[in-house]
């Protein structure tokens, strides 16, 4: 027996192509639709508003379709009250649990709307407390425990899509269309610099997510200067970025010269493994800095400027460094613990950590991904980080230009 | 004060380009060399033999250079006896520890050569027992414990490079030159099939390393057929391959049809996260098979045919599946535990797990890496898996052709 | 002074995302719009219909915007009569000439609509004859002559967008979304085979556009079999495909064996240049076939099966072969001369010739582009070949599978 | 009956890997070899010297093998006298003609060595005049005429390989190893700048080869500044670079603003085709500059600073511009006509024109190829331009940095 419900969506529906995606979703979930009403703005500054009746084969399918549509900012016209089920098994959600988006989310319980504390995609919603102290927060699957109350179905849940960037000429306005290496790159650098300046001016933190390419492209001095100038508050990375940076710093005389002369030294496993051993012996990166063992580079700058970093391991790691979370779920928890106050996120030269960060980042935080490989940016957007803006360019030259824009006397002091 | 030692190398030195690499290494490590003698074979079936005196600034540099040269199969003319140091701190090697290659390695202690039990790159060599029961084995940095005796320096260590493939027309002979998408691909498929058949005929196991692209390119039926036909003994993968495969199997009716009709459904996080929840509820993949929850796909075939799999997590994972090692170092240990008896390794559509497997695989095991992205193959070779042969091609069509070659009546039974 | 006009568009406007593109175009041309009316179909089988008033700074801008919108299938509500200007200079259109799309186009002159004979993008429309014998045809810029009557402005011109593929499950339905290497490739092969069969069944010709990768990936035998089986009626290519194919055929004994054994011979310029010289000596490819000099390969099969080919040169050519048009504008003319009756077009492993063919192909002809490089497909779509469906895969395996689908006993006869 | 001859080669044979390539060539051509003598330098500043006897199945095969080996700098020990044959057919070389390399080449006739005037790969060698006025020059296949005397076989021909760059730290020393995007990019920019400065200081010309990506990445202002500063003496390009540049200049107000604000306008065919029509109407680019129609951009700067450019068409061209050679063989001739005095060549963002230029450029001219696509650089090296140094980076940022290095007050004057 077919069941249906009516949803609504508001916004620049025709400009944004969002309606096509909504209708695609309905078909993909084997649902059907009829457009009940479509109010179109007279001109392009007006918002449009559509009411759509969606139909599915049974209630379970309908609920799943409705949850899917919420990722597009589509809400039920008559959301009703949220229903909860109790978790009976650690690490397992009840059937029919509401699977979250990374959008701002509101839940209606006992006639009152509560804002979800920490939006994150692919989680469940746990309801805690009652009355005035009632709180709804996202919980990842691995962290759900027996006894928790988890919201099920799409009833009583509403999402808010982020405001689009200010006008057509606004920040990253032009990057929206698609990923391309054929863009005026110097303008892009300036826009990223502006985004960081604005975040800092607003008292927000700048989060960097980086891969070892930062070191290999010779951009470590530029990034170090940006740490010192206060434009790197938090770094998410893996074992590789930190190790390559430290390796550069430790075997500085020879490798430093080589980098400066541009001889492309394939460092060899041997230096790599020895750098790891040295830091393990010291106990931690910070300890190596304190002991005077580590005296330069990105990690050194982060430690001496008291900036946070979260290094999470992967199966291909050597060592790893003692600071690396070898348990990836614990690593995710540590990353989540550093998101508070972040107002801008720059991802550079890493697919793994960019996707991982995209998974946990609220959609409201501006996000720019820089990579010479277009696939990284595409992947990020495919995985649900719709706010991601991609720049396909050379990481070394990009960070050099970014330092020129943001760090006073960068070039003078460097040479 | 400069120190020097004399090394020797035998083989098809001129054909293989190995000597250039050796001299490159010496310069890269700031060493110097003089070629003492060079016996060149009269014709190209004869081996050449070179004696080279290498010089470095101090003994530490020399030892490190000598260890580097061993990765090329260069040994000391007069290796002497191995020296050991005691480990004083868990997880930290003594300074100057011998950093291993993945080549067959011999160590001379008390006048006797012992073969290293389990060659693996970037490890240390631990000496255990004495006299007749003396044993030398590789130990990764994370697993070394205080009190262990670890070999230091290059003295007393000898490596053996694998025999080159049989003749110019031998297996993968033509793939050696370089990574390229412009190769006669059907011939390559046949050679991989032959490699697997030979391994099976020799009573060896076939190890697969796979990424989610196996499922996305529609190759899951081909791989399932290859599991059933006995050509997949062990699978190394991450959370993604298993989850996408299970998602396909669970939401079979709709998604199955979609895949068959070729509609490129981006599964959406919702199905993905629900598939994870279902298996977590069952307790494990095997339990889901037993309970009749999971009835098809690659993972199902592995379970029902009693084949081994090791799934190791990464920081971007959702869920993960209960079978996934969330601690990457424990995951590496589990992978090492499955290498025994492996005689052929096929890597498909994953950079992360391919590099991870390349890190722990002895150089003596033939290794083919298939990916549509040339960078994956290049990366593998750069990281030291010199035996890696790369095929840049479409994973879906490659596995389809491989199943046609290896599985009798594959096409008939499939349609 | 601002000027405006009212346009209309019909179709599955919401599903297709076409309306977003239209509004993007208006903004890009510095125009403005108001949506006068928007009739939305009740369910997703109904067409929508929109009336939009577009405004521009002056008439010239408005006309250019209207012409741009026609590439999206947007027509004036009240098209009026077409205006013409006389060409005063060979090879130069009058200012304000109507720049064509590749859609079916109608022109209203003296109260009667005439269908444009040969739709092609980026041309002008020339009006010839009068009354009943009046004819409108596209003329490329290089071929326009003084005295011709050319249509100016968007008045009196109407376009028809091709019918969308039959239903969501229809041909290439799933490829529409985007270019991706993660698609079930064997299904794609079957769909291309079906497309060719349908074209042949309808008495239409199959046009191939190919690059040298066809030969390098070992797909020449598959393509040769497809020529012999009647699935290649016309080939557009450059000097390289033909020369590499002929080189393979001429130096058959050694290179044939090499290809069969899979040894990746980099042919070297020497064989290449000698193959060219041989055919130049014979006088033409056909003459070389007649003289018994050329006895195998793709070009040989085309000659002996009396199929057409157009080879157009490029600045990097060696030789070239005597059959190659060295003047690219003459080459374009020769290509145009072979479009009659074409009902399906397959582009394989060439960006240059694919874009060139996309430039002259009417939008009504189904078009599939196969390349291992996603950029080729993207470029094609960016240049206006909206009907292009892209398959990112290995050319060698793709053509092998295609031959298996289309050529009876292909595998048997081959081995 | 087997025939053989003895060849010799001098140089840093072991370091350079050249000997492996020579032996690979011999096997590839089904020849055999024996190393008669191998004098190896004591240390790595000494040159090595090898004498090798090569054997082939018959004299024809031997001659072809010897010609192949010359591309590696391998010469006959006893070269003898060159043999010539008369051309009997326009555009066709005699069988067994000597196919040239791009190395400095000497020919021995009547007991005297003559230097080939204009080394170019894949050509024939034509002997003109006699005695003191005897001259040997390369002639491309398309330009050979009946009656000319062409050298056949490898006898009497000797090549000289270019001196290797000055020491390990010399120009581009580090780029030699391989193509990679993981290089310290700012150092690379400086080295290219130094290369240009040195060429200018030596009174040589700087040749640029460019694709439309120069304009699309926003690098037109940087390149224009470099033209004005005298670092662009000759430009080789196609219709696209010039048209996109002119389009930018002509529709400056709107598009200029867009580029400055970074909105990624896909220009649309309409502007493109109109820009072409405008220049065609003017008669030529220079005429458009004179008439005040074209007032900015790269092409304008070239015209006003009296610099040379050669635009050669391709089959995908619209228009084309009146300055474009539509006949590719004539285009090649025009390019050859501008090589005199060139001392440095920079190739940016074009595969087609880079390969075309590589085909005709002597190996003695330093050559740097910059592209975001590694395949362009690889292709160039594969085609025989062994001197090509590749930089895989973003073209926009690269040229911006290059202008910063070379043009005084570039940034100040620009903003």
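To keep things simple, chains are lettered A, B, C and D as they appear, and every chain counts its residues starting from 1.
Note that contacts are C-beta pairs under 8 Å (C-beta built on N, C-alpha and C of every residue); 3 or more make two chains touch, one makes a residue touch a chain.
What you see is a predicted model; the values in this text were computed from it and never measured.
When every chain is reduced to the mean of its CA atoms, the largest separation from subunit D belongs to A. Residue numbering at the subunit A/subunit B interface overlaps substantially, since over half of the positions present are found in both copies. Subunit A and subunit B have CA centres that are 32 Å apart. The mean-CA centres of subunit A and subunit D are about 45 angstrom from one another, to the nearest whole unit. Multi-chain contact residues of subunit B (touching two or more other chains) are listed as 168, 266.
Remark: subunit B residues 14-17, 19-20, 23-24, 27, 32-35, 38, 40-44, 168 touch subunit D in the complex.
On subunit D, the positions that touch subunit C within their shared complex are 25, 28, 30, 64, 67-68, 71, 89, 91-93, 95, 97, 99, 121-122, 141-142, 238, 254, 265-266, 268-270, 272-274, 276-277, 280-281, 312-320, 322, 326-332, 335, 352-353, 355-356, 359, 373, 375, 382-384. Taken in their complex, subunit D has these residues touching subunit A: 168-169, 173-175, 177, 180-189, 191, 213, 216-218, 259-264, 266, 372, 392-394, 396-398, 400-401.
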